[in-house]
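Labels for the chains are A, B, C, D, E and F, by order of writing; each one numbers its residues from 1.
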Amino acid sequence: MALVVTNIARPAPELVEGLASFGVATIHEAQGRTGLLAAYMRPIFRPAHLCGPAVTCELAPGDNWMLHVAVEQCQPGDVLVAAPTSPCEDGYFGELLATSLKARGVQGLVIDAGVRDVAALTKLPFPVWSKAIFAQGTVKETVGSVNRPLVCAGALVRPGDVVVADDDGVVVVGRETARHILEQARQREAGEAEKRRRLASGELGLDIYKMRERLAAKGLRYVDQKDVPG
Amino acid sequence: MALVVTNIARPAPELVEGLASFGVATIHEAQGRTGLLAAYMRPIFRPAHLCGPAVTCELAPGDNWMLHVAVEQCQPGDVLVAAPTSPCEDGYFGELLATSLKARGVQGLVIDAGVRDVAALTKLPFPVWSKAIFAQGTVKETVGSVNRPLVCAGALVRPGDVVVADDDGVVVVGRETARHILEQARQREAGEAEKRRRLASGELGLDIYKMRERLAAKGLRYVDQKDVPG
Amino acid sequence: MALVVTNIARPAPELVEGLASFGVATIHEAQGRTGLLAAYMRPIFRPAHLCGPAVTCELAPGDNWMLHVAVEQCQPGDVLVAAPTSPCEDGYFGELLATSLKARGVQGLVIDAGVRDVAALTKLPFPVWSKAIFAQGTVKETVGSVNRPLVCAGALVRPGDVVVADDDGVVVVGRETARHILEQARQREAGEAEKRRRLASGELGLDIYKMRERLAAKGLRYVDQKDVPG
Amino acid sequence: MALVVTNIARPAPELVEGLASFGVATIHEAQGRTGLLAAYMRPIFRPAHLCGPAVTCELAPGDNWMLHVAVEQCQPGDVLVAAPTSPCEDGYFGELLATSLKARGVQGLVIDAGVRDVAALTKLPFPVWSKAIFAQGTVKETVGSVNRPLVCAGALVRPGDVVVADDDGVVVVGRETARHILEQARQREAGEAEKRRRLASGELGLDIYKMRERLAAKGLRYVDQKDVPG
Amino acid sequence: MALVVTNIARPAPELVEGLASFGVATIHEAQGRTGLLAAYMRPIFRPAHLCGPAVTCELAPGDNWMLHVAVEQCQPGDVLVAAPTSPCEDGYFGELLATSLKARGVQGLVIDAGVRDVAALTKLPFPVWSKAIFAQGTVKETVGSVNRPLVCAGALVRPGDVVVADDDGVVVVGRETARHILEQARQREAGEAEKRRRLASGELGLDIYKMRERLAAKGLRYVDQKDVPG
Amino acid sequence: MALVVTNIARPAPELVEGLASFGVATIHEAQGRTGLLAAYMRPIFRPAHLCGPAVTCELAPGDNWMLHVAVEQCQPGDVLVAAPTSPCEDGYFGELLATSLKARGVQGLVIDAGVRDVAALTKLPFPVWSKAIFAQGTVKETVGSVNRPLVCAGALVRPGDVVVADDDGVVVVGRETARHILEQARQREAGEAEKRRRLASGELGLDIYKMRERLAAKGLRYVDQKDVPG
């Protein structure tokens, strides 16, 4: 049954702002290496970065009707997340829909399908992470749900979850765990600054992370090339 | 039998000029959502755009001999369209052939295979839409046809058809229907300007296109999140 | 058995310098169209170019531990070449490891897997040729070998082989044959300059390479379009 | 955090029995064309069919440790559903684990990865739906969760959901909706018997489903081949 | 514009019968190595073989409506050839449509998309060559053309062309050239019987086809392993 | 340079016989999880199994000439291993070449490309492991090497290496290490029989392999479903 859920709960603005200062890789690590969308989800231009609450949109293959429905459910700062009910690379989204979303303050689109008018989207600019760039047009015949949980590029996305996307791809943070993940990300980043400084000075990760003993215990051996047989 | 067809008919220059002012997505829509090459056909640099009559070239896998034959059949403004007789990503085309085509006024290449020397091609510039970037060299042993109809990346292309390519991909317009498609594209673009203005002002596609009634008839329902079970 | 080979032999610096002045396509041709890595190996930013001796690193799927071990084996000018023991697109490599490699003077990374932090790597800059861009994190549990021959993206790479990479992809030159290949590349390039000049002036490859007779012998025929049936 | 959830709720046995009498396509249609796993999930031998409650198992790439943990959580009639945290085609599962699962009465395995020993699994027989057949061995180093919701081949699967698999692929039915879906499947099948009889007698779907008027309204036209231009 | 072409011309029955006695590889060779559909088109069961005139059917992605329209245009002995207007692996076709086609004497289906109910289709039996096996259901909303030329899995197929399919895949023979191709196939097969006999007796292809001189001229050299350096 | 190496060294017959009694997965494990060809290498019929010394054959894309040269280098019991110099799925091999190889006592073919006449090959029977089944014909124009080391489907294969193939895929064992690997395989299999018996009796791998303590140390926790939040 096709259902549009209105008035979805969104995360507190300060959580979104906080998460917006981190990249996808950091947030993915901060939540225990979970929440990533598939590697084939690529930005149509680089660099690109966004962070905002998800409005979710289910699409029939080759049919972009529900994107028009979803636009109305978006608020400023939102990220539209759309996925077809079976794999499809058609060009569901182009300049006109981008104009409409931008007029409503939407930050960008994450779509497990194709997008077109990428030259115009680049000029706007309106960032999109997609599976393909493809001019193939779509029909408007079949209804689907908006703001219901869906699987997008292999990841479960629920309305109001926080979507972070950058040149590395897309990650989703659950609304209930956003505060905890933000804290984890901050701690992780704090630790990385010191490590970056030491590595930049030429110190080895082997020593910084004290790996040598454990490597030896796992059986790693060193041998000079002149002593290697064959 | 390998055949080179000479003196192919080309579309009237004003049709080519006319179509050149539109993007791939618009032309694809104007001809009833047909004529697109597969989504994997990507430009080697962006932005890129061209529009011109097709010279077609059939290639054996791993063998670029016929590209040299095809060069001679090209006239200024033409677009060379090449496809292997079975799938192949080898680097059929590079700087030398691009230099030769550019010297003859050819606008660009569409090839359902690989291309190499992309740094040099970008510098020339000589735009190419291809399936892959791959340095793999090819031989010169097997003949094929030039200016015979062929299937390139899933689309039928006949010599003299109009090829339009941009950042979204590649579309082909039949020579006999070019005038009609140009007219359709103009009408479509005219309609879009007004829609773009209204969408940019915040008006919804749902209202502009009067979709609400039909959506309801198809069974779409709205429900507040607090009333959604589970 | 996991083995780190130390003190590997490297090619003479003047050979590396010599090969560095050629592109991937030229070197691939110079060594008889061999040594290319698969077409899916793409640079994370363009333009990019490097040439240096390979330090090789075997990785378990989803486990980047051995990259830390490999860093220590690298010398200024080296290129790190890494491959998983079964196909994997996880993000084995990011900003911290790049910082460490750059501190040691390593030129770049070739990895038959995924990479992350590409915005930061672009800014450094630290060039990487990879199969994917993917933020997916990895563990540090399983040891593998460093500086043992391995198959990377379909090509055999031995420690100390010369790796050349540019916008067209990656090619490997055996250490023992590097001098011969350098000579071949020089000869090839010398021949190409003259051909480029003639092609740029509008002369046809058909005539420069004297192809017409052989094409006819293979059965290629020319026919005017008005004489083509159907 | 790696968590093994014990004592999961399972659907009533009569629901599982009821659903077991239908194929994947019927159940997928009965629940509104939802719940399918990706098309790449194929049975290792045909014909094959099963229906049972899901025990879910999260796997690290190239690491099958958690399958051993999951075995203990299985009861007779269960179906083990496993997915790696990033795409991997390694051979996580073979004859020994199948022997163990079979000893506990488990019906089969659904795994978004590779499987090996397929000759032995065919002989047992122990049905498996997998992404690949691949002998690649795995390690036992990284823990993951058992009986937590996971995305397997693009579909959300929760512990206790009903998994139905046959030669067409795999579908998942939510535990709470299983009774309703069973009823829908029965109604659908009842309707199909009559249609099958009419179609077998040569009656057209166009007439049985009264499609002609709607097709005409959508603009479908009929024309004799002799009147088709060009 | 969606058009159903009626009363298409079909090849003479004796041509179809004649071609039916050859396999796909032989016919493909007989027509100069042309006419093959892509390698991903596989039979749902093996062995399978058919030969008959094509009825062509254009499909919207995720929409099988036009298959019902196409059924009416089929005559006994025909082969239905269907392709979506953009790539789609949904399960357009199953037991009910197969029952309908079989009732009309149709030999089989070639579809550049997915198929379902394969256990039932195997039992009927009703042979299908498809891109995928996938239970994903489809809608009936968008019209397309029947008996118009289309590109199916990379090959141009026109209504009335002869389609031959077996365990190796699918090949298409133009209606106007069918007689010539039949003759070529007969000659080829006649020559192969003798070659098969000689090869079975242990004679080498090198000698039968007199390849040694040409191989040497191309530079092939023989060397004993004990004389190979390195 | 194209070179045919004659009189290659082959492993002792008793080693080949010994290895022939094991499956691919066992041998892969016995040699430290190395030597596997890519997962896409599949047998054209099942069950299939072979074990023998490799004769290697390098092929140009779309050109099967060197297979004829390789036949002459084969001895009874050999396995022909062939790979194109760039990816290609053409049908390099069919019934005639199989007849020739069978006449010389060759056991089977491993080819990183396509094969055709699979119905006839199944009937002979002549087992083939390939990347694709595709009727696409090939030319005979370009020479390559026979019995030189090559990378086939991601694995390095040298002439005289032992190739083992079964329903799980293909693995290669170095000639010099064959005796050691045989010993390892025997030990592994001996250990598995006892484990299989215990698992079949219902004992858990968790207990047989004493995994519980290490799992707990890695942080795995158990919780009853009624105590799981959310």
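Definition applied: a residue touches a chain if its C-beta (ideal position, glycine included) is under 8 Å from a C-beta of that chain, and two chains touch if they have at least 3 such contacts.
Computed from a predicted model, the values in this text were never measured in an experiment.
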item: Path length in steps (a step moves to a chain that is touched) from chain C to chain E; value: 2
item: Contacts common to chain D and chain E (chain labels); value: A, F
item: Between E-F and C-F, the pair joined by more C-beta contacts; value: E-F
item: Fraction-based call for chain E against chain B, same above half, different below; value: same
item: Between chain D and chain C, distance of the C-alpha-averaged centres to the nearest whole Å; value: 42
item: Chain centre separation (chain A, chain B; CA means) in Å; value: 30
item: Chain C: positions in contact with at least two other chains; value: 1, 33, 36, 39, 85-87, 89, 134, 136, 142
item: Listing of all chain pairs that touch each other, if any do; value: A-B, A-C, A-D, A-E, B-C, B-E, B-F, C-D, C-F, D-E, D-F, E-F
item: Residues on chain A engaged by chain D in the complex (per definition of touch); value: 1, 32-34, 36, 38-39, 85-87, 149, 151, 154-156
item: Residues of chain E defined as touching chain A within the complex; value: 60-63, 85-90, 134, 136, 139, 141-142
item: List of chain C residues in touch with chain B within their complex; value: 23-25, 28-29, 33, 36, 39, 42, 46-47, 49, 166-169, 171, 192, 195-196, 199-202, 204-206, 209, 211, 215, 218-226, 228
item: In the complex with chain B, residue positions of chain A that touch it; value: 1-9, 65, 68-69, 71-72, 89, 91, 94-97, 99-100, 102-104, 114, 116-119, 122, 132-137, 140, 142-143, 147, 159
